[in-house]
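Each of the two complexes below includes chain A, the first together with chain B, the second together with chain C.
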Partner chain A sequence: MLSLLVWLPILGAAVVGFWPAGAPAVWPRRIALSVASVGLALSAVLAFLYNPADGGLQFREFVPWMTSLGLSYELGIDGLSLPLLLLNAFLVWIAIFSSDENVQRPRLYYGLLLLLCGGVVGAFATQNALLFFLFYELELIPLYLLIAIWGGPRRNYAATKFLLYTAISGIMILAAFFGLAGLAGIANYSYETLAVHNLPLATQFLLLGAVLVAFGIKIPLVPFHTWLPDAHVEASTPVSLLLAGVLLKLGTYGLLRFGLGFFPEAWSAAAPWLASWAVVSVLYGCMTAIAQKDMKKMVAYSSIGHMGYILLAAAAATPLSLLGAVAQMVSHGLISGLLFLLVGVVYKKTGTRDIDVLCGLLAPERGLPFIGSLMILAVMASAGIPSMVGFVAEFIIFRASYAVFPVQTLLCILGTGLTAVYLLILINRAFFGRLPAQFANLPQVRWSERLPGLAIALLVVFLGLQPQWLVRWSEATTAALVAGRPALAGALPAQAERIDTVAVRRAHTP
Partner chain B sequence: MVMYDQKVSSHPLGRVILRMEAGGALLPDGSDNLMEVVGVLKSYGVVLDAYWRNLLYIADRQFLVFFPFFKYFNGKVSLPKLLDHWAHQRINYEFSEYCMKAMLWHGAAKLDAYLDSPAFAERAGRAIRAKIKFNPAAGLLHRLFPDFLPEWARQSCYYSVLGQFWRVMSPMFLVLSDRYDRGEIRSIPDVVAHIKDGLVAAANLPLTYAVDIRGERYELIPTEADLHFLMDAAVPYVEAVFFRSFPFMGTVSYNAQAGQISENQADFNYGALYADPLPIGGSGIPPTLLMQDMKQHLPEYLREYYLGSLRGEEDMRVQICVSFQKSMFCVTTAAILGLAPYPIDTDRPDQQRANRAYLENWMDRLMHSRLPAFN
Partner chain C sequence: MTESLLLTSWWVPFYGLAGAVLTLPWATVGVRSGGPRPAAYFNMLMTVLALVHGLTLLPAVWGRLPLQLEYTWLETQGMRLALELEVSPVTIGAVVVIAFLSLCAQIYALGYMEKDWALARFFALLGFFEGAICGLAMSNNLLLSYALLEMLTLSTYLLVGFWYAQPLVVTAARDAFLTKRVGDLLLLMGVVVLANLAPSLNFQDLAIWAETANLSPLSATLLGLALIAGPIGKCAQIPLHFWLDEAMEGPNPASIMRNSLVVACGAYVLIKMQPVLALSPWVLGALLVVGTATAIGASCVALAQIDIKRALSHSTSAYLGLVFVAVGLEQNEVALLLLLTHAVAKALLFMSVGAVILITSTQDVTEMGGLWSRLPATTTAFVVGGAASVSLLPLGTFWASIYASERLWPWAPWAIGVLLLVNGLTALNLTRVYCRVFLGPRQAKTRRAPEIAWPMSVPMLSLSIINILSPVILHELGLLTSVEGPVPTWVFGGSLVASSLAGCLVGWWITHEKLPTAWVHASFAQTWRVAHDFLAYDLYIERFYRQTIVVWVAGTSSLMAKFDRHLVDGVVNMIGVATIAGGEGLKRSAPGQAQAYLLTILLGVIVVCAYQLTTMLR
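Up next, the complex of A and B:
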């Protein structure tokens, strides 16, 4: 079943890509949408069949491939990857649905979107490090092309910068994997095999450093973040949505899976520094967002800030904090996806994203009241207002991390306050006030443009009101991920242990 | 001495002045403007017909009714009507009450003088005593707050005066539409002439008001009060609703504490001629209520015209509001011309000068209205 989920979009990409050139232009879109729909349905079935009480791997598939290289076709999912697979399936469907119906070169465009989807699913579903690397690299190419071909005026610059950064990220991942296998004398790149080694702490630090830089670029964390605002600003709305919603999660996923999973001793020792790094990333992202005039750039910097919370949770490394990290990945995927989607609609209708130019867009009949209302909801969710998914994720993270890193957690909480500041600036300037004459005749927003945002918004509220649907998949896995890990350096052991105990007990409660 | 030149005006709205002196209107002539104005006045006429009937019903039949739950039902309460009311399948009579309150608050000179007179106090007192004769609670209330019920009676007079005003205006607009359909109205000046003639014809209609209480008739505004349609209803209405009004929440953004609202009511300019049409659509704000009502009665040609715009059905109420403002500038033109010191086509230079000064005064008031947007 996992193979179907991985290969269906790749096969779909091939079909779309080789679709007869003379055929009507709507067909590539229809095929892509159909493939995404089937993928979404399959993911839902996967979730239905998944046993949340079992923290180990499920739906395992194994086919020996190049065994001499240690590369096998090895798939399986656990509570860390399942929520991200579901998120990916949902957002890919939204991205395809919200793509411009008259997009240029539709066969290539939809083909690349599907290929991107296949790469991401593969990266989340694989259980072999080399296979992960292949899928990780596979998603770079379509994303590069999607920015470079369908992007804004500075698309070449942004796409090249993205490619350079993420290529370095890929190289460092590969170097870390080779280093781990080589130094530990392991011939098999299966996750389970790589996780068992007895490398000295110094070597672990070295390899963990490579992993941190590699995935720090992807997340991105300050100071490896500079590619992200450019990429977001130049990318088209559906690509921005996928970039923020899913692709950045490859970074946080990799951090947990490889950083914490492969180098637990080094991770524990470095945890206080990682938590401090999270603080820097959060505060830098938020403060830079406050200074932005471009709505998309503001949301991009907001992403940097919000991804910092995940690093904080990962540094705390308690079952509860890791649960919060997974929840935050999903939460951020949905909320940032919604924000980028709405910014895209505003840009499409007004021709600008400048908050010094935009004004009064909430005007009931001549403005964009529905889009504005969704924007207010998205902003509230992003700022962590209760009853929405952002609150659930951030509350779990802060609740768990405070016991381990109180100072860093408090500073990160400051970030949520700053989030409210810049997002309120955005709302206040662009949506409140009187609609100026230049925007008094904005084109109509069609229901097909409203539906994607509405769908995400409903999910944001649903998961905020029913958080069990957000965390139930991961509780057992996050507990298992840190079971027997070493004590954190500089942490408050008694408190950390207590939180662990509580969380583990919850995870095993039927 | 400043030389007067009939062909030139240095006023920022000089082109409008020159147009009016040449027999034109505040609103430029044109087939689209004409169609919008006549079409929207047709729907307005239908809506006004419902409004005046309700205003007079409230004035006559709901006089001093403490809990007028069914005041918008015109005495015909039934379950289907109640369900329609809750489902908002109804006329927004609240809008007519907003207009009445605007008149009540800003006042009408001669009407207020009468309502402040001992004659009215005596008549109102008798009606009040008759009304609360068998209601000890109301009697107690009246003794505790002796100004409350007379003030209510005063408000009822305004209900009646506005109802009587609109009772004349409603058929005037419907006849205008019929004449347009027959090809008799071909320009904006024709519209203005029709309205002006209607106002002049009704100018001396007396305004009276009486209520029946247990079979006995109590005259609150008798004919001796010498109140008439044009000067005591039409002119105060234009002043209160077209020009002054008040800053409704949702239509005007203001900070009263910072002195952004003048303490002098005469300086108010929140009326229909000044209203920003863009906030239309906000829940419950008065312009929206009127536009909702008019939307139900648009002539087909105007509906199609609106549907052909960029947003079609979606912003129809804003479009109606814009057309409505255009039509109200026609009504205002008729009022301005009707009240001019001399006929606007006079040949005498001294009269022309007086008219020019008169028009410039009006243009000063209209400088910050929506007039520049239409010119």
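Up next, the complex of A and C:
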């Protein structure tokens, strides 16, 4: 089942890629869309069959591969990966649907999108560290090409920067895995075996540092973030959507899975610093976003701010805060995806993203009223107005993290206020006001351009009104992830408790 | 029967929301069949349903113990968030008032916004507004109240920004959102803290918890201050008050709701939170200070306004200041009664003012005059609304003020002084506006002034009748119980009427004696000018914020953006450039000549040998 989910897009990519060149150009799009639809349906079936009460791994698959290396083909999902798989399937569908129908070199384009999808699914579904690394690198190549070929004017610069950053991130991950396995004398790179070790705290810190830098680049956290605004600005809309919506989540997923999962003691000890780092990231992202003139850059910096909340929640490491972290991943995926999608439509119709140039787009007859309305909704969701999913996730995080890090949490709440400031600037400048003559004859927005935004917006509101659907998948897993550990961070757990942790984790994994 | 009827009471907030949703096809997608009117009718139908439902609930709930309705919204990992409603005479009564005023405002909007192309959008927003206010009136949970306050902030932003093509409207909408958001943000911090401290966010549970809570004075004070920040923003109290004044750029039917109901929502939440606030005497003290400062300050600011709507909106802030004082003195019934009478009177005043604006196409009182004979219905409404909002005739506010005086006197005699002062200043302000607008000579903009159409006059006159009947209604409902005190009731009544009369006389005098310019002595003129400007520009508070907080945020953010662009990204790019330069440099070392390679190898061997030798020698 999981294998099907992983290999279907990759197979689809091959089919699209080797489709006869003479055939009509619509076929690659149709195939890609149907593959994405099947993927979405499969994910839905997976969610239906998934047992939320069981926090351990489900749908496990195991095929010995290179056992001498410790590399096996191991798949399985728990409450941490399932919501992200669903998010990925949904956003990939949206991204393919909202791709330009007359895109250049369609076979390569759709093939790369599907390959990207396959890599991400693999990374979320694998249970072997080396296999994770392979999928993590696999996702890098198509994204590099997608930015470098279909990007904006400075696409080469942005794509190379992205490639270098992420390659360093990959190397650090690999180094951390090798270090952990080598120093602890573990021959098998399965997650379960890697998590059981008794390395001294200093070594753990070293390895945790590597993991933090690796995923800090991917999330991204200040000061490893500068690739993100460039990549977003240059990438085309669907790629931006996937980048913000899904690929950044690989970073936070890795942080929870490897940072917290493999090095719980070092994590607890470093938690106050991580929480402070989160504050810096949040405030830095928000403040920098206020000064941006390019809508895409503004949304990119807002991503940095919003991903900071996840670090705060991960640092607090209580069952509730981790649940909030998962919720925020989904919520940010949807909301930032929606924002990038709408900015993309505005760019396509007006030819600019500069908020000093844009004005009065909400005008009813000749402007973009529907897109403007959706934009207001997206902006308010991002600013954490209740009844939308952003509020739910942020409230859970704040509620849970306050118990552990009161000061840092209150400072992060300030970030939501600053979020309102820059997003309001965006709405006021670009959508309010009088439509100038230069934008008087904007092309019509077709229903096919409205539909993806509408779909995401409905989901944002639905999950905001019925948050139980957001958290039900992950409750058991996030509880198991920190079970047996004292909720208070900062205090080093004694050896006995650590053994408890292991025992409990074992008990939860069939 | 009664039970099952009461169990349906949670429908009430959803009527407004349903109306808003039904309107969406006309408001956003651009359905044009039947023009925008069907959208308006759907909304009005829903409001009528809400009103009828509320009226049937009222007798059922009268005299019964409050009923709690509860819906578990989110329950996970030991955290339980519930949406809780309270069905009691107070909440259902509030719902009826809200639905009635909303219906009036909607019928009124049909006339006022007749030619507006975005009528459907306006009604969608009004429906959303009404639903959120109804929900807030019934809410029995701090989180739900917070959420609804935020939704009100959002809908205020959209309603103020309704005519978004005008620059003033855009800034007004922005300021309304951001100032309220500042308050909401502090409130959110308070909610997050309380969620960690208290067992649940239910208001009754909070009250029980507050009785035994063991908080340090500092944390209790900080918590309380965070909690009152939300209502301060929502009720337009100093220092977060200037949004209400700017919000007067928005359409008038929304101003009716805003000045009567929305501001009351903030105070309503404040009343509900009162047991928690009472944990710290400093918080109650802050309420008194804020309330008194706003009551007196806003009354004075109102006097210097020439915009007819702004003159009235500042007096709204002033009355809400009185409510804050009442809550600070822990007199919640007084606060509720003041809110009720003020809402009904202020709604009527704003209807009348809206009619004047529609007919004269201006908001500047200096351009008006002599409208009384042309607009009898509007004039009547203004007189009744004005009389009902000060203690001149025995209408709503008169009785509420006596009620307040009797209860506040034992705790804080000075509060009576504030009440009298606000009353007198408001009377002065209303008389001033009345004389300028309705009396005096006609001017260019008031010469052609036909009386307004029925959709505006019908709600106006019905509300006038309600205002005139308000003492009877209040007595019938048994809300005006008297308490025996050391000071007889007639003393309060007499001084209230005296202060109103004094205010009216001064108001009449200054508009008829060409004052203040003629009366002010030349040497005194400069000071007068400064004081006048100070009040006319709303205590310069907006300029103050613009030159402190806004400058600071803008400066910091552009500094950080530069830092990010040049330093953080600069280092990265420098490493990149250094790598490339290094590669280029090393490329020169590979010229393809065997001699050069041999030399390199030789040098390498020498270095290695030298290293070996030194270590061996050591």
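In this text, the second predicted complex is superposed on the first by the 485 of 510 C-alpha atoms of A that agree within 3 Å, B and C clash if a C-alpha of one lies under 4 Å from a C-alpha of the other, contacts with A are read in each partner's own complex, and residues count from 1 in each chain.
Everything below uses one rule, namely that contacts are C-beta pairs under 8 Å (C-beta built on N, C-alpha and C of every residue); 3 or more make two chains touch, one makes a residue touch a chain.
Quick caveat, the model's predicted, so the values are computed rather than measured.
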| item | value |
| --- | --- |
| Which of chain B and chain C A:Asn441 touches, first, second, both or neither | first |
| Which superposed partner A:Val392 touches (first chain B, second chain C, both, neither) | second |
| Contacts of A:Arg366 with chain B and chain C, given as first, second, both or neither | first |
| First (chain B), second (chain C), both or neither touched by A:Gly433 | both |
| Which partner, chain B or chain C, touches more chain A residues | C |
| Partner chain in contact with A:Leu112 - chain B first, chain C second, else both or neither | neither |
| Chain B versus chain C as contact partner of A:Ile219, first or second or both or neither | neither |
| Set intersection of chain A contacts, chain C complex versus chain B complex | 360, 363-364, 369, 433-435 |
| Of chain A, residues touching chain B in the complex | 360, 363-367, 369, 433-435, 440-444 |
| Complex contact set, residues of chain B against chain A | 253, 276, 278-282, 310-312, 314-315, 317-318 |
| Chain A residues within the chain C interface of the complex | 161, 164, 222-223, 225-226, 284, 287-292, 318-320, 323, 360, 362-364, 369-370, 373, 376, 380, 385-387, 391-392, 395-396, 398-400, 402-403, 406, 409-410, 413-414, 416-418, 420-421, 424, 428, 431-435, 467-468, 471-472, 475, 478-479 |
| Parts of chain C lying in touch with chain A, wherever the complex brings them together | 28-30, 73-79, 117-118, 146-148, 150-151, 153-154, 158, 161, 164-165, 167, 169-170, 173-174, 177-178, 181-182, 185, 188-189, 192-193, 195-196, 553-554, 556-558, 560-561, 564, 568-569, 572, 576 |
